[in-house]
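Chain lettering (A, B, C and D) follows the sequence in which the chains are written, and residue indices restart at 1 in each chain.
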Amino acid sequence: MIEVLLFGAAADRAGTRKVRLEVEEDSTLAEIWPLLTDRYPGLCPMRDTLAFAVNGEYARMDGRVGPGDEVAVLPPVSGG
Amino acid sequence: MIEVLLFGAAADRAGTRKVRLEVEEDSTLAEIWPLLTDRYPGLCPMRDTLAFAVNGEYARMDGRVGPGDEVAVLPPVSGG
Amino acid sequence: MFGIVEEKIDVGAMIGAASRPDCGAVCTFVGTTRVDESGGNSVEYLEYEAYRPMADRKLEEIGAEIRSRWDVGHVSIVHRVGRVDPAEASVAIVVASPRRGPAFEASRYAIERIKEIVPIWKREVWSDGYVWVGSQVGTRQA
Amino acid sequence: MFGIVEEKIDVGAMIGAASRPDCGAVCTFVGTTRVDESGGNSVEYLEYEAYRPMADRKLEEIGAEIRSRWDVGHVSIVHRVGRVDPAEASVAIVVASPRRGPAFEASRYAIERIKEIVPIWKREVWSDGYVWVGSQVGTRQA
């Protein structure tokens, strides 16, 4: 199990702020993305604008993710 | 009569902050300077660092000064 | 001091805490809610959310970047979340340095970096719906 | 608000007065007394004097220059005279603008202009005498 947190416009599009997903040991973010969009197709058009974090640090799509990790889906930041 | 105000290091060097001088109608600052340094020779070495104001506005050495005017002797400003 | 806060930001207190005898300059940047208008509608307030604790950590990282680049005596960065009404502060950056150049440069750097790397999002709540800034997703008709 | 004051500067109140719904950025510069040290001696305080009302008028002029160069919603500049102890503010500049660039640029401009055209002088009072900054005249042995 991993926990996926969604923020801002991504939470809006998914209609949720948190989802738990069953993933294999040693998955990648690239493999997790289709699991998310299967469940929340509204996220799909945002793909190119999103960044991701694993356990609180920015990660690339080939970044490793396994059970127990926290993944965050981050729309373009707009603080300030 | 004009009133000459001295500030900062110039007041220090002259040992006074205010002096009244008898001047002709239509004098210039250039003509007033020797009257000042005659009385306060300590000012003389500061000459090249000083600016002057007549009635509260910066003035050049050929600026006109006459009875009733206020002249200010301004060392390099150091606000901030 | 670095971090996300939920209450109003006390900028005067932050400047007081930054004032030190070894520094001659304090530069402060405050971002406030601006009321934009368009087509008869206007922004009523901004609503911010953050991914914590990553956001706190990224603010600290910006502080560390500043200390590595400039001679500064004090840096603090605070960002508010939740509803921020017009003219209220969403973010405050305070930098004290011995001389003024670094204080100006570092505070400008901090706000630019916040807009690049800190996981904080705002939506503009208008009289006719809201929009997530940067994503253009929301309930307003464009 | 522009002018010379004799009392402590309340920077928090100045920022509060600058915060407006049509502006999204407030940049504040505060100059403070820095304790320099040299040869076992140190600065105990600064003492400022000004030529009034010319100094007040020059501060207003700087405000007018800023309004003619940048899109700003608020500018205020206050300079204190008399004794200013370590870490206390001698000058505060607050600029609010719709966007952040002008607020930073204008507040930097203001402090540079103050140092060029406003008839204010400071002397550093050291443990072993004083010196007029800029003139190097005083009672300290160099």
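Here is the rule we go by: a contact is a pair of C-beta atoms (placed from the backbone, for glycine too) under 8 Å apart; a residue touches a chain by one contact, two chains touch by 3 or more.
Just so it is clear, the model here is predicted, and its values are computed rather than measured.
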item: Separation of chain C from chain A in steps, with touching chains one step apart; value: 1
item: Separation of chain B from chain D, taking each centre as the mean of its C-alpha atoms, in whole Å; value: 25
item: Whole-Å separation of chain centres (CA-atom averages), chain B against chain C; value: 49
item: Shared-contact residues (touching 2 or more other chains) in chain D; value: 31, 111
item: Residues of chain B touching at least two other chains; value: none
item: Touching pairs among all chains present in the structure; value: A-C, B-D, C-D
item: Chain C-facing residues of chain A, complex; value: 5, 7-10, 12-13, 46, 49, 53, 56-58, 72, 74-80
item: Of all residues in chain C, those that touch chain D in their complex; value: 10-13, 15, 19-35, 86-89, 96, 98, 100, 103-104, 107-108, 111
item: In the complex, chain D residues that touch chain B; value: 31, 48-51, 53-55, 57, 79, 90-91, 111, 114-123, 132-135, 137-138
